Amino acid sequence: MTETIQLGGAKETGFFPRLRTIIGRRTEGRGVILLLVILAVLAFTQPLVFTALPVTIGRIALIGIVALGLTAVILMGELDLSVASTLAASGVVVAIIPDLRIAIPAALLMGIVVGIINAFFIAIVGIASFIASLGMLFALSGLAFVLSNEVPVSIANQDAGLAFGQPLFGPVTPRILLFFLVFIAIQLFVTKVKAGREFFAVGGNRQAAYDSGIPVKRRIFTGFIISGFVSALAGVIYTLELTVATPTAGSTVLLASFAAAIIGGNYLKGGRGSIIGTLIGASSLGVLQVALFLSGVQVPVQNTLIGAILLIAVITDPSSLRAISARVRATLPDRTKVEAQ
Amino acid sequence: MAAVVEAKNITKAFGGVKAVDDVSVSVEAGEILAVVGENGAGKSTLMRILAGIETQDSGQVIVSGEVIPKSDAKASIDAGISLVHQELSLVPEMTVAENILLGSAPTTVGITRTRQMKQIAQAALEEIGVSVDLDERISKLSVALRQFVEIARAVARKPKVLILDEPTASLTPAETDYLLSMLQRLADRGMSIVYISHRIPEVFRLCDTVTILRDGKQISVLDVAKTTPQQVIDQMVGRELKKDLESKRSSSPGHVVLKAVGIRAEGVNDISLEVRAGEIIGLGGLVGAGRTELVRAIIGADPRKLGKVTLTVNGKTKVISSFESAVKAGVGYVPEERRTDGLALTMTVAENITLPNRKELSASGFQLARKIRTFADDLSKRVGLRPPEIDREAGQYSGGNQQKIVIAKWLGRRPALIVLDEPTRGVDVGAKAEIHRLVKELADNGTAVLVVSSDLPELLELADTIHVVRDGTITGTLSQEEADEKRVMSLAAGEQVENA
Amino acid sequence: MDKKTTLTQQMAVAQEPEKAIVERKTGALSWVAQNGIFIFLAVLILVASFAVNGFASLENLTSILNRAAPIGIVAVGMTYVVISGNYLDLSVVAQVATAGVIFLAVGNEYGLFVAALAAFAASLVYGIVNGVAVGYFKANAVIVTLATTYIGLGLLRFFSGGSIFFGNPDGPMEQFGQAKLGPIPASTFVLLAITIVLSILLTRTNFGFLVKSFGVNEKATRLAGVNTDRVIVGAFLVTAFAATLAGFVFAAYSNTAVSTMSQGFDFRALAAIIIGGTSVFGGRGSVLRTLLGVMFVSVLNNILVLVGISFGYQQLALGIIILLAVTLDVLSRKLGEK
Amino acid sequence: MPSLTPPSGGTQRERKRGKMRKSRLILAPAAMLAASALILSGCAAEETTETTESAETESSSDDTTTEEAPAETFEVYALFPQGNDQAYGSTLIEPLQANGAELGINFTLSNSGYDATKQLAECEIAVAAQPDGIMLWPAVGSAVRPCLVAADNAGIPVWVINTDVGPADAPLTYGYSGPDTYGQGVASAELMCEAVDGEEVGIIQVNGAAGNGTAIDRDNGFTDHVEANCPNVTILAEQNADWTPAGAKQVAADMISAEGIENIGGIYAADDSMVDGAVQALEDLGEDASDYFITGIGNTKLGNPLVKEGKMYGTVFQSSVWEGENAPEYMHRVLTGEIAKGDRVTAYMPSVKVTAENADDPEVAPEW
């Protein structure tokens, strides 16, 4: 009787095999390729993107922050369509409360509450996240208009807002700092913290998660609270930087956030993806937008280009390619001459 | 000696049908208890209740004198009950180490202690004697390895009782052998084991006690040392099992209908085979040997890398390149996963039966409602659907009836070739006999039949010729006269297997 | 969905030795959820007739119908994508606007027939690109149609320069926009006609059956020898054709078209579909129900405007109604299962 | 053919631009034929007249600069909330670029789609690119301070167009040229009051897109003036529409139902396109729009014919060409140091009222 059994899959040794193994485990491939292509093109055509790096990073922060929170939800195979409305509504909350020391916590709290309401409908009532958050999308956008009385609201403390837009040190503005803090926090949360790691289990095999005693409902709450909180934080940042809250804020946020997450290799059905991927996706979009702006490309053309990239990103998903190659193979003539008698 | 885990008077009903009916089991430290029964006897449900995944309607689960709260997986795990699932419950995109400690990773203020996690995972793997890269993702592992990772997970929880639900279904004999000796080692160290299987030889090799379930009821609890396999089997089935020689058909195969040459696909390595009209070809072998992959590649349900398949009907030979072309040429396919691949459960029986026959039942795209009804009605009666109510949702029928619906939908096409993958898995005895009758009837009427089955008696009963598949190749072909369980198993395993 | 119960129940049922057929109990709540949309619509209309000034008048009826027609035609078409289990088609926004602009810009120059050809050619492109990406490439419908929205609106704005296009006075578009039978505008008949046609297509034809079947179980449908990819392309084509028709109706309504005209049609149409009771998981739903959902949303919207409620509250109300409608549906199904 | 503003180089440019515009437009609108009439100055608000005059005098003083070949070229980032994707933007950008080219200004255009945050981000990039100047058309008038501060810190002059910044932010800019949005609302109210002529009249009001700055300013201008100067006009109901005729038609029809057609004497819509929709709503009820007091803003290609047909009493001309032509002129004067920081020049586009009397004048030929 043998004492151990060898079933294959042993650890690879040697530098290159190990490197290959490590790369093979990542999900960000397409995002990296896109980013590299964009950067390579820009190195020749728009070097300004690099010389104005802080601004470019600021732009990435703007696109990316909501996407980071959204990724937490996507990892669990859920969707949150209410992020942009949360942003708008919390932004208005910041502006209508005169004292920022109350206003900011109130706005952030609101984000948390939105997350809880979303999660309640999804985990407790049992509505698909797609619909629950669609309802919240309308409700919160309405709330933003109601609270603001349908007009832009200036914050009382204009100076605080202006100061907020200034670099803290070097080129780092609070927005960039907060963006990286959020990135690091969520990244650590989903890679190091047990509850966060379990997001992958909830998204990858929900039944297994239940069976292993993972409190799936609580994880769903956590995910939507993260998404709501980050969206509200973005709302706070937007309002402070602008010194004004507009009920229409974030009109482009929802779609851009999804685009960033998808380009970064996050699988919408859950279980596969990474926060780093979203960062890469947001970087690709951000750099691209800065470059297109600097080139003075018309917005309709920009949008067409971004749409095309998104379409390419989604149809070059490995599972898409597998599906289509299987189809192509099925229609090709059989290659059996060797085997045929 | 006191029982470590005790389940008292467990009852659980689904929609009025008692899946588990007043069952009590207990296991002592170091004891290996077998729970046996046919498919659908209630074994898995009972174990899921033990593990806190399913909520019992009544009854208690008691671990070391403490009653475990109902339907609380975490509490059950904490109390020392660990379940190795029948269907693999691993997270494909997480690593081996993470899966082993899924839901129970060691943390400091919520942060996973990766190194400790790996140590525990490593220790668990060492305990069961398996070596695998801890950082590898599950999606990259072989089925057998996943099974062992699953066991490692259960072991890592330091359970008082380890429950294994059909752990050997996807293992080769060598692996099975290894698994059984490993479990023996664990039991020797005082761990209690509940072993669910319907492979009687394994039970007799490994277990101390055997509990027999039939139709949710507990039939008996026997001391393995004082019983015989035949006794256990008789109690499982509830009747004397003997080879039904009368049912043998006299086959007179016609022309070659299916010709598959040099099939290579994922898990299939250069297989050629032929099926003639009126002939039933059986594909035997272990789960994971490549049989399902083979038939799916043949009929184009999955892509094949290489190979040519032709179907000859009425003297015309057509090349099969995709599943659509296969169906068009006259292939019917009863897939392994009935509930996910075979049926649309929330659609009616009529809708399911007519799904592949829509073109024939329509005029310029419009459905012919009356024709559809008579068509579905005739077929549901022909396959013996009970009750034959074609407006009911397919999901409301039992497993056996559902399988009849799947078969009915292909019968309607009068297929030249029908491929059946595990046609009676999870089907009760009565329906099983009816399905066998249907298959034979089909062959008698000149249909070529290709059947995949892990159920050896079934294979022996149905097939005129059995091809045994192992590791993606055919390792042997047995005619009906030559075939017996022993020969098939030894070819499937690639070695001599002693008969228990 | 309460994943826990359903998943475990499903798994358990799979192993369950059923001898008898499980009867599904259906309670009052379930009945309400099944037919709630009728009741709510009736109650809404009844209450408004008494309580809201100006609601119960022929003119207002016309107004409601005018409001319902374009979004209704879109929603009725999009029901196909939803029933096929693909969530929604975001690109209807671009499709409606593209069609509207083409009908007026091309129609003024070359006549309505050429314009219709051009508009339906455009919808063919939309339907095929969306359908091929979702069907053949197995890409997520939300992202695919998001991408085609970007592309479509980008191209439309680039070529139209964002101008408001207006039809020749007394041209065919204006004539259609003005045409009425009694108080009922012609667009209502278009809505009814397409609802009937698409309802028949869904319930009486093979294609419709396959769309539904795909929505219930993609694999089983494929393993019945159906070219499911083509079915998906078909579903997106139906949506695209309907959106083009909506573009025509909407452009004719005011005899104008501009690239922003259909803003919000995507989620509003989906809201109507959901309120009508079509499941976003696919497989369950009907075109007629969508029509009711559209009427409900239009009547509600009309009432809110009549009583002078501002835009913000209108949005808020729509959101809450979506949540309520779906909660009721889910709860009734849960009770029904027990 | 004098344009509304008389920079002397204008005529030549006008023709060239006219040709370009024609080639761009796909549609054949109801053709506008010129007739001779003078601009009716009417009873324009005092401050508006003043600023208009000052704009005229100042712009005529830079004749010399414009006629010479540009001595140096300037890079200017134009941060707009719309562009070639909207009619006004399209017809503004053409003269802007044409005139800019003559003056040696190279514009890099951006379009934030009325997203204030996106515009701020674009402003940051623009500031980082260190251009000679920034031309800002605020997405939200009150939400530009951070951008202005950033530009100020970087020493980049900012010229504001279309939507002026608030008084607190004004010192950070070199000036403003464009419509007096609030004043437009006022002018439209003046037309309304004039049309109603003391009668007791209830009207319905169609505002622009909810939350949009222009919509809010026009609403305020109109409402304030009506309240203060003609209390005989009662606003019965108001709703937002999305600037489109179809949207306006829908809400107008609903408001008419709610208030009862017999109680309604007039309609004000914040934009001529929406007037078109509201007029259609009336006509759908079999009413003759000329029986109602209707005013709008824009004098657009949809609105001007309505005035001529008598369906709309009057509208207020917003000339995209005026704005597009003048913006580079002022920008150039800023860049050449002619307008110094602190001068804060405000050049309002004349809020020319267009009624049946002058609707055919070439000066008020609709542009977009």
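Going by the order they are written in, the chains are A, B, C and D; count residues from 1 in each one.
The rule we apply is simple: contacts are C-beta pairs under 8 Å (C-beta built on N, C-alpha and C of every residue); 3 or more make two chains touch, one makes a residue touch a chain.
Predicted model only: the values in this text are computed from it and were never measured.
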Neighbouring chains shared between chain B and chain C, ordered by label: A
Most remote chain, CA-based centroid, reference being chain C: B
Between chain D and chain C, distance of the C-alpha-averaged centres to the nearest whole Å: 37
Averaged-CA centre spacing for the pair chain B and chain A, given as whole angstrom: 40
Interchain centroid distance [CA atoms averaged], chain B/chain D, Å: 74
Length of the line joining the C-alpha centres of chain A and chain C, rounded to whole Å: 28
Residues of chain A touching at least two other chains: 145, 150, 207, 210, 247, 298-300, 327
Chain C: positions in contact with at least two other chains: 8, 11, 157-158, 310-312
Sites on chain D at which at least two other chains make contact: 84-85, 210, 240
Chain-chain contacts as defined at top: A-B, A-C, A-D, B-C, C-D
Contacting residues of chain D [partner chain A, same complex]: 83-85, 107-111, 113-118, 120-122, 124-125, 127-129, 140-143, 145-146, 149-150, 168, 210-213, 216, 240
Complex interface listing, chain D residues touching chain C: 24-30, 82, 84-87, 89-90, 210, 237-240, 242-251, 253-261, 273, 276-277, 280, 284-285, 300-302, 368
Chain C partner contacts - residues on chain B that touch it in the complex: 14-17, 19, 39-42, 44-45, 48, 53-54, 87, 215-216, 301, 323-324, 326-328, 333, 335, 339-347, 351-352, 355-356, 358-359, 362, 365-367, 369, 387, 392, 396-399, 409, 426, 428
Residues on chain C engaged by chain D in the complex (per definition of touch): 52-55, 57, 59-60, 62-63, 66-67, 104-105, 108-109, 157-158, 160-166, 169, 178, 250, 253-256, 258-261, 263, 302, 305-308, 310-312
Partner chain C, residues of chain A touching it in the complex: 79, 121, 125-128, 130-132, 134-147, 150, 206-207, 210, 216-217, 247, 255, 258-259, 262, 268, 298-308, 310-311, 314-315, 317, 319-320, 323-324, 327
